[in-house]
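Chain naming follows the written order as A, B, C and D, and within any one chain the residues start at number 1.
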Amino acid sequence: MTLIEQKNLAPQIFEMTLYGKLVKEMEVPGQFLHLRVPSAELLLRRPISLAEIDQTTETCKLIYRVEGKGTDIFSKMKDGDQIDVMGPLGNGFDIGNVKAEETAFIIGGGIGAPPMYELSKELISKGVKVIQLLGFATKNVIFYEEKFKKLGVTRIATDDGTYGMHGHVGHLIDQAIEEFGQPDLVYACGSNGLLKAVDRKFDDHPKAYISMEARMACAVGACYACVVHVKDDETGMSYVKVCDDGPIFETGKLVI
Amino acid sequence: MTLIEQKNLAPQIFEMTLYGKLVKEMEVPGQFLHLRVPSAELLLRRPISLAEIDQTTETCKLIYRVEGKGTDIFSKMKDGDQIDVMGPLGNGFDIGNVKAEETAFIIGGGIGAPPMYELSKELISKGVKVIQLLGFATKNVIFYEEKFKKLGVTRIATDDGTYGMHGHVGHLIDQAIEEFGQPDLVYACGSNGLLKAVDRKFDDHPKAYISMEARMACAVGACYACVVHVKDDETGMSYVKVCDDGPIFETGKLVI
Amino acid sequence: MAENRLKISIPGLNLKNPIMPASGCFGFGTEYAKYFDLNQLGSIMAKATTLEARFGNPTPRVTETSSGMLNAIGLQNPGLEVVLTEKFPALAVAYPELPIVANVAGSTQEDYVEVCAKIGGAPNVKAIELNISCPNVKHGGQMFGTDPKQAYELTKACKSVATVPIYVKLSPNVTDIVEIAKSVEDAGADGLTMINTLMGVRYSLKTRQPILANVTGGLSGPAIKPVALKLIQQVAKETDLPIIGMGGIMTAEDVIEFYLAGASAVAVGTANFTDPLICPKIINALPDCLDFYGIESLEALRDEVKEGFKHA
Amino acid sequence: MAENRLKISIPGLNLKNPIMPASGCFGFGTEYAKYFDLNQLGSIMAKATTLEARFGNPTPRVTETSSGMLNAIGLQNPGLEVVLTEKFPALAVAYPELPIVANVAGSTQEDYVEVCAKIGGAPNVKAIELNISCPNVKHGGQMFGTDPKQAYELTKACKSVATVPIYVKLSPNVTDIVEIAKSVEDAGADGLTMINTLMGVRYSLKTRQPILANVTGGLSGPAIKPVALKLIQQVAKETDLPIIGMGGIMTAEDVIEFYLAGASAVAVGTANFTDPLICPKIINALPDCLDFYGIESLEALRDEVKEGFKHA
């Protein structure tokens, strides 16, 4: 695909807009792309979630944080550069049977927030009422606040209290339950801590989903790099693969 | 240094013009630069001879043939790209004590021709009469013909007879000796075969020089990658390093 | 060209080309079927199969290194039964002409023997790759591959029950690989595959701990290519067994380099992760590459190299 | 900061920082003196010295691999006499405060012993690196480094005559490196340096022959970093000897990764060829890197890692 815009949203956080026919196949929020780093030395692709999909312009947006060598190289790519993309991969969020007027908690932590944006947009187009609960480390790494606000209720927490509520997303969730009652739908993406909290809170919620992260190699289910144990499995042999059984899973099912 | 122009001179043969302060240090024809390939996977630099030095514009030109990964990457670099350059390295051609009116055979084979261009220019500025004898594999890989012709007598041979004399440079040399007599000065750069021929023909010529090639790592005399045995050395222990004792050596001295 | 310049015949395997995905890097085959027609491949080296199902090591199981990667999957697989009733049949139905190499691993000699006895029962399994060199499991695996006597015993026991030819997969993590190669040759092995991964570790500066939960992992990719070529040429000069070479192959040129070292066929592992289409790309690039270097056919090249080794 | 966070003390070597160019990659030091002030370095590990002068192997002696290189220099050096009378004194005059590690090699135990007895006579030589792991020579070298008994004998003999501490340089080309490490520890070694190069080969597709005249060469560079880290952590857990780590170091982060594996100091080899200023660049980058990862000092990090290994 062709990189047509690269924006620095916050320190170390970038938004990439990609253009290409592949967008046609991007239909489900929560899916990810597996990007080849344009450096002969780096053999493994990098999984990055779709943050926004626009069929009319055949573009999609990815938001990523510079963590290591690969994302650093991405951040230095320029408009017009080609990028080798596999995907869309993964199951994505199941929004097939959501109903208008249902309430959804959209929970995103830090660099887990991006896929929640496209999800929110699609839920809204189905008439779902979204409550967006976003956690960030500190004020200056917050991104997409305005864009989320345009979609619906948006509450923000920062770990250090520099913006919004002081504390982690768990507090936002508790507050939102008080304010809006139990949600019909729950979707979360973020750090392992955040996922654990959501998993515990919505343990047997029938429509609560979390997006898992894992170190991947193939991203097509062939290498067994990204497996996660299934809960309450006596044999110890049951597993799911984050890359193709996921990255989205129902709460209460996995050993996180 | 900054790449300011990249020209495709012939199939697989490119001319790079570099701009930068380092040019100030480039004073002797026959020296080379040690270029870092902008690819994290390739650790060894590539030695490329200076083909032209222009102090007034602070530029120099290199001419190189795409052989493998490194030169292929060079050929894809664009104007404005930075290139990490070590050098100038090596001794260069000794032209300190040439005299006006002396005759010089300037012998270049294929991709060995580039350093001979700057050498010819500098010899001419000292009043030396240059006879330029250039060999190429075939017509369409000939480059710089016009530029050499502007400097002086230029004879060309091609291995396949598609241009100029049919055969290798050795024949041009024999012909030139017949025509111009024994030269006062001899300078040669090219394939091992060419160097061997020149070395043999001008074995005990007091002012005949050849430019050697060798696989290099450090290019500063530290790694002992580029050594060549010295002739008639009974101990077998005598050697020169192409990178810093050379790349230019007197004929008759080395085991080629 | 009437003649297929890429074809190669080695025990059990009459291949239309020498390119096969390496074991562990291509699952049980079907995972990559949505990317290209698997019939293009010479063969597929399936994921390791053990007698019982295995979950493998804790995660993270992979990490990256310069021109390489570390993996510590730990032989996760659904066990012989499932492989025989589901995995291989799935391939046999969809690709009846595609020969499969089964990769066999175990903790004890008995395990290996039982799997070897049965796995040839799948109609599409044309050869066994005996994995005595997995660096990522505590029991079995590399243990058998670093001791010539154990390698001999295991190979002999497996040969006596196997219904298809056995290629023994050698570990590079040894002082003298020729000794191991000769032992398995003496034990009746039909061929060798080499190399399995080197052992490596990476640390996270943030956590100050190893990145892999298993601490060590197997190093693969172009980083190890020179090591693979070194060991292959060394073994090729000292044994008569055909060698399926692997370790960092990314291009058609790499394939030829492995032939020059004495390989008769090759496997492509890590490169599949970099580019899921790498195998068909290499296959398609090979004819031009042969032309460029003036090579008539891969079989001719193999013979030329073997001849050269004899006279060296 | 009053305290020098980069300083490190190991037998014979009180270093202001742990960065030293690796043996064979920095000549006898003066070659790089025109690029930077050598006083910035912690130490210099000099080129191998043998009793008599050696020419080394035929050329080509180097070639490139993915994220690595192969060399088969073959211990070219002017011999003990010249090294003692010319090479080390040249450094001592220009850099009187700079400690040097002499690298000693030989074909026979007698050779090693004689060089070890005399080389500490140079006033700036503060330690010996006993090279029992050079893969590029037919006699001696790796031979001593792959057999625990020979390694023991040689180390013991050298220790009995040496006037400065001895660090034994281990080969990665072995099945069990801990066994070798323990042997040399028992023999009285003061420390270890690891790793020397892995063995590798590259072929030229044009000539169909190995690129190196010596056929095989030693693989170095970032390609081998995970292997170096693996072997270092394995040995660090099993012996008490300080380890000077090396193998693919290119950045300050790499240095810290070697500390996490259990190294007490590090050497930088191949990277000098990529960038002649790499050593001072790493030294200058280290303080910020320590800050970024919340590390007080390298000595503190080393102690923390060692402590961690004890309780693991």
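Throughout what follows, contacts are C-beta pairs under 8 Å (C-beta built on N, C-alpha and C of every residue); 3 or more make two chains touch, one makes a residue touch a chain.
Computed from a prediction, not measured in an experiment: that's the story for all the values here.
Counted as hops between touching chains, the shortest connection from chain B to chain D is 1. Each chain gets a centre from the mean of its Cα atoms; the one farthest from the centre of chain C is B. Annotation: 36 Å between the Cα-based centres of chain A and chain C. Per-chain Cα centroids separate chain B from chain C by 46 Å. Residues of chain D found to touch two or more other chains are 66-68, 221-222.
Among the residues of chain A, those in touch with two or more other chains are 40-42.
For chain D in complex with chain C, the residues that touch the partner chain are 65-68, 70, 146, 173-175, 198-203, 205-206, 208-210, 215-217, 219, 221-227, 229-230, 233, 248, 253, 256-257, 260-261, 293, 304-305. Those residues of chain B lying in contact with chain D across their complex are 36, 40-45, 84, 86, 214-229, 235-237, 239. Partner chain A is touched in their complex by these residues of chain B: 39-42. Every residue of chain C that touches chain A in the complex is listed here, in rising order: 24-27, 31-32, 34-35, 47, 53-56, 59-64, 66-69, 71, 73, 76, 221-222, 270-276.
Note for the complex: chain C touches chain B at residues 66-67, 222.
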